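Shared between the two complexes below is chain A, which pairs with chain B and chain C, respectively.
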Partner chain A sequence: MANNQHAAPAPVGGSLVSALTLTCGVLIALMVAILAVRFLFGLGAVTALNDGYPWGIWIVVDVVIGSAFACGGFSVAMLVYIFNKGEYHPLVRPALLASLFGYTLAGAGVIFDLGRWWNVWNMYWPTSINPNSVMFEVAVCISLYVVVMWIEFSPVVFEQLGKREAKKKVGKAMFFIIALGTVLPMMHQSSLGTMLVVMGAQIHPLWQTPLQPLLYLLTAIAMGYAVVLFESCLTSSAYRRKLETHMLTPLAKVMLGFLAVYLVVRIGDVVVRGALPKAFVPSVEALMFWLEMASFIAPLILIGAESNRRNPAKLFLAGILLMLGGALLRLNGFLIGYETNVGDAGGFTYFPTLAEVLVTAGMFAIEVLGYIIITRRFPVLPREDVQAAH
Partner chain B sequence: MGTRREFLKGVLASGAAATACAAAVPALARETRPRPPEALGLLYDATLCVGCKACVAACKAANDNPPEFSTVDHLWDTPLDTSGHTFNLIKMYRNGTMEVKDQETNGYAFMKTSCMHCGDPSCVSACPVSAMTKDPVTGVVGYNADKCIGCRYCVVACPFGIPKYQYDSPTGRIGKCELCRHRYKDGHYSACAEVCPTGATLYGKTSDLLIEAKRRIALKPGQPARFPRGKLGGPDQSYETPAGKYLQHVYGEKEYGGTQVLKLSGVNFAKVGMPDLPPDAAAALSETIQHNLYGNLIMPFAVLGVMTYVAKRNVKPDEESSDKEDI
Partner chain C sequence: MGNMNDFFDTSRKTLQDVEQRLEMPRREFLQFCATLAATMGLPAGAEAAVAKAIEAAKRPSVIWLHFQECTGCSESLLRAEHPTLEKLILDVISLDYHETLMAAAGHQAEAARKSAMKANKGKYVLVVEGAIPVKDNGIYCKIGGQKATDLLKECAADAAAVIAIGSCASWGGMPSTGPNPTGASSVSEILGKVVPTIPGCPPNPYNFLATVVHFLTFGKLPEVDKLGRPKFAYGRLIHENCERRAHFDAGRFAMEFGDVGHRQGYCLYKLGCKGPETYANCSTLGFGDAGENNWPVGCGHPCIGCTEKGVGFEKPIHQVAKMLNVTPPLQYPRIVEEQGKAASFASAAAVAAVAGAAAGAAIMLTRNLGLSHAAEEAERAKDTGAGDSDKRAAVDKAQV
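Presenting the complex of A and B:
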């Protein structure tokens, strides 16, 4: 590894006030207002949740999908530190920052959705915990991982504050923190899929399989790289920085590798379990399945060729498509393919209210705003000779 | 210079991982759990039910639940389904001209909806904080609001759609039938069975109820037979009436490994809201996967050991590169 070949990270600088940051501010204010109503009057006051759909977008989008989008830090750290690909080192900090926000907010977002949030300490209380519960494992791993990521990111803060001693101390333990930072996401990202298993036949056969943990892990890793493609291209264009194509091109190849393995497992599983015919029954589920599959397969076609992987626009699009595929896998499993298994059912429908959508938008706004503030003020992105970002 | 020390550390890490793996119990499937031998439950016989809903009212009273209205005049408690405030409901099946009771075509039938008290409940497996528990003796699936975090995983997990959350309150709880376990100390039993005028809902030990259920489905339709009421094995409140026309299926005998509430019906169970369930509980599969991956944290620690070893080799403290520009 040779990180000295890369420019050291430096704050981007520039103004924090822009149309984008102001929009984020407004969205965050709306979210706070809606949450006030939610905490005063209950979940029913602002959400469309009901007895047939006890989980809505606050869980499925903000937590299940949101945390998978936040796998960039883990995917890149694994590549750099475990597979010793030092050439990707400059991608670590920005990816970690995005993950840090994604996970911290996913963790905080759970609280909004908890109907009895003041009891949440039971999740860590020895006489209350239930190790048989998949959710227990997910919750504990995510909590730990958020702490681990803040430690992983702390050198950036120490560096900016000029606390060299503190930075040095953390640096000495960093190898262990990094190791923890790869194991914990592997554990809970796979378990997020396992959470579906106990729901049994309430999950449509296209999304119900004992292989859930493998499917969710593979897509989380691939989505991690996809998010880096997305985020790197977006940052470069927004801050008018040089594109990082030289790193993104080979990174995309790694992403396609994980994607290819995933597709083999996914298609094999659907075929072996005999669920494939369900994909040809005219239904919302079948349509969503094909949309999901198309989103996963499209990146292979789009940037399968090396020459196409040098095209930043195609990398960006492939990243978005893979993110969409992973998001759909989760949305389909947890919401579209979920049906409360009671005979005449049908009476239950769920479509998020505007308030629910605004809270989700507010969460993403915090991520975007936080990313902008920190990259402009803290040494996250590699230093550029020409700083054009204002 | 650090390479040998790192190597030794790596050896230690892998050694620890290997020891841990060797100590691991071989991957085992967590079998579906049967009902406890002394399990308590209910037998609901749709052919005896007259749809009076006395059980619905008694359940409301026993659990201090408010009425729920579905009509404009708000005169009577008229819930359309179980909810966070309605733990027991009699639903009606209607078909065609609705001429004959317990007949699938041109008939009608009743079905009780309440907790089945599964032998291997999904809600108990799902609950991260042990707020949903299964009594080891009575097998009653009970709820503890003081632990509950309101995540509603139990609601999602239950194949019968039973635990339900009170969305209308900022301090909403999960509501479900607990077989009136809070009334046992006063000598009472399940309110629904206590008040049932026809014995359509019968309380007792599930093992006894299962024998009773099998006796009934063996009866010839129309044949006069005695039917107990209230509590099986309690004071004799039985009466004689012609036997109904039963499906040869005791619902709950084998579903998900067996439930403590059993049901008899003349109309196909799926048509009256009881799902077709396999003999293996989803909780068993979920916990098999979970424990094989994370049992005693053996796998995570083994992977962590390997990762730590590799990371130790590859991670150079950041400040060295910025301070001395080496490495």
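Presenting the complex of A and C:
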């Protein structure tokens, strides 16, 4: 197995109580309180959603962007298991852990946003499913992927609990689970882009393209690597561990490869469709388009040179910029570049309420808190002492 | 309707006779026939058969019994204009016994009934108006010393057809309202079989006329449901064809008498209208020849369900009806939809704070990573210059 040449994962240990974990706890408590109001009195009681904007930040940030941020597990697993790059194996578990939380919360976030959430079972019930719907594809695919990821992650739990038999059993089916875990995100990450396609003329020409599924898939993969850069640097700093620069430097090169392909497709598409002039009309959409493009192009300039890729500060910054670019692509498509009922009525407007922002903050707080607790108590990160002697 | 002459030979003698007998223009007579045919839901052209049947003036004998009732059914028939019941009595049928209309009184009246029954044995039509009391051996209603139950059974025995008119005769109606002190019962209950009924309090006279004319035209009574009600008149819920139905579907309800909704003619469902659980054609067939709005709901009062057993005279008038088909939703979409508000100070501040915190943390972390990288690079540069042995020494030193 590829992981034999690496240090075995081990719990980081240490206290779970810190300023950060306490802050996360407060944010989560606030979120729970707001969600209680939401489930008792409905969406109108806490959100700024209206008929023109049925999707707010709970969908766009928590689900669409959140699930793209959670592509680290998928991107690294694809690199390690499909392209057989064993040298990145120590990155798999932490990336998978972040993905696990990202996706599970994205699934939960959908429930928060459903007006009549108690009907959600119809989405899976054989007699009431609608197989022709993009939404159905996304819903089933994400649900399935969440289950698949928990199975992928289960050896970590079994290891910690000392259940060797169970771990062995899961290990036998793991090749299939991993394959599934690579295919499923490709399906629904591209389908998230398809949702924009089906919204038709409501989406600004800069983001309305039949290539949107491909753009979403390419950015999701690149963002997966960016998240790993971000997460690895952050973990090393926070836990005062040795930086994993020796793995991150080549990984960043893979990321730039996907990013370059994305930029060619993206710019080519905008030009071929004749939407480019729209980017020079003074408007919020044009400004956001250039911000988005700048965020995607900046990493290429920042770590384009091999020497710069050895600098963890630049790797970290490039990772953040790419994540920002991917987030903006999604935010711009679903909210900024989305316009409905323009006319006599004057059009709809949407800006998230404080409650919506706090729920989204709470969701990210769960991810951070969960990551801290699990890395401190379960064998996710590589054992540090062995790593130091390496 | 097309050209009348296509259907009728307007010059034929019988039609001219009718014109004279009924003292009504031919056109009006033919319109009446067409109205009746349409009421019965008969196919186009059936009005010709109807007209011929009425022209023929077979004058079947009709015996009309009154029991526990208010004579409202007869009253409503007398208000029918085309033709007046007077004409119908004189021409179309031979009304041999009708307590409130006949000139005869006392033993003379009973004798007329008995002779008509004898002369038209097996051919006369028996119409019953009013419920029949059965409690205490049926002593609460007697005519000519004869109990209502006995009179009904006697008259029904040799009748060609029995028709129960009004809710009282159909299912007990008002007299049977709890606690039903006289044990008021329907014609069907007394005779032990389903008889055709024209329930209503009072029923629309056209439903009765159409039933009688159907009998005259085709020699049999129209198709009925399991309660004996002609399907042409009682096949659909009042709610289904109600003129206020659109208000129901849009969720516009009068909440109390005289409120804004009530004045604007909104749906009366929430005032207790029983249209959703009452089978009758009130909403499609004008009442009393006074225009299409002349029925309870048209006048702004909820339907009380008078044609429906278990609803009329049983449920409180303002109790909300049980929906037999569509249940109204609890909420309706607003007519003017909210379009959203611009950012509030709190939410804008929250978004800015989150963005600021994230940016600040990212910058700090980048700076620290940069510093550690610079230190590492500097150390590496120093190491390369000093050679391997020195490097080992430096590491040893650092570890100490």
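Basically, the second predicted complex is superposed on the first by the 377 of 390 C-alpha atoms of A that agree within 3 Å, B and C clash if a C-alpha of one lies under 4 Å from a C-alpha of the other, contacts with A are read in each partner's own complex, and residues count from 1 in each chain.
Here is the rule we use: a contact is a pair of C-beta atoms (placed from the backbone, for glycine too) under 8 Å apart; a residue touches a chain by one contact, two chains touch by 3 or more.
Since we're looking at a predicted model, the values are computed, not measured.
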item	value
Chain A as common anchor, with chain B and chain C clashing or fitting	clash
Chain B versus chain C as contact partner of A:136, first or second or both or neither	first
Which of chain B and chain C A:313 touches, first, second, both or neither	second
Contacts of A:84 with chain B and chain C, given as first, second, both or neither	first
A:233 touches, of chain B and chain C: first, second, both or neither?	second
Chain B versus chain C as contact partner of A:351, first or second or both or neither	second
Which of chain B and chain C A:50 touches, first, second, both or neither	both
Partner chain(s) touched by A:23 [first = chain B, second = chain C, both, neither]	neither
Of chain C and chain B, partner touching more chain A residues	B
Segment of chain C intruding into chain B (one of 25-33, 205-213 or 331-339)	331-339
Set intersection of chain A contacts, chain C complex versus chain B complex	50-52, 345, 347
Interfacial residue positions of chain A with respect to chain B in the complex	1-4, 8, 39-44, 47, 49-52, 54-55, 80-82, 84, 86, 110, 113-117, 119-120, 122-123, 125, 127-130, 132-137, 139, 155, 159, 164, 167-168, 171-172, 174-176, 178-180, 182-183, 186-187, 190-191, 194-195, 197-202, 210, 212-213, 338, 340-345, 347
Residues of chain B that touch chain A when the two form their complex	80-84, 113, 122, 125-131, 145-153, 155-157, 159-161, 164-173, 270-278, 282-283, 285-287, 289-291, 293-294, 300, 303-304, 307-308, 310-322, 325-327
Complex interface listing, chain C residues touching chain A	337-344, 346-348, 350-351, 354, 362, 365-370, 372-373
Residue ranges of chain A in contact with chain C within the complex	48, 50-53, 233-234, 237, 243, 310-314, 316-317, 320, 345-354, 356-358, 361
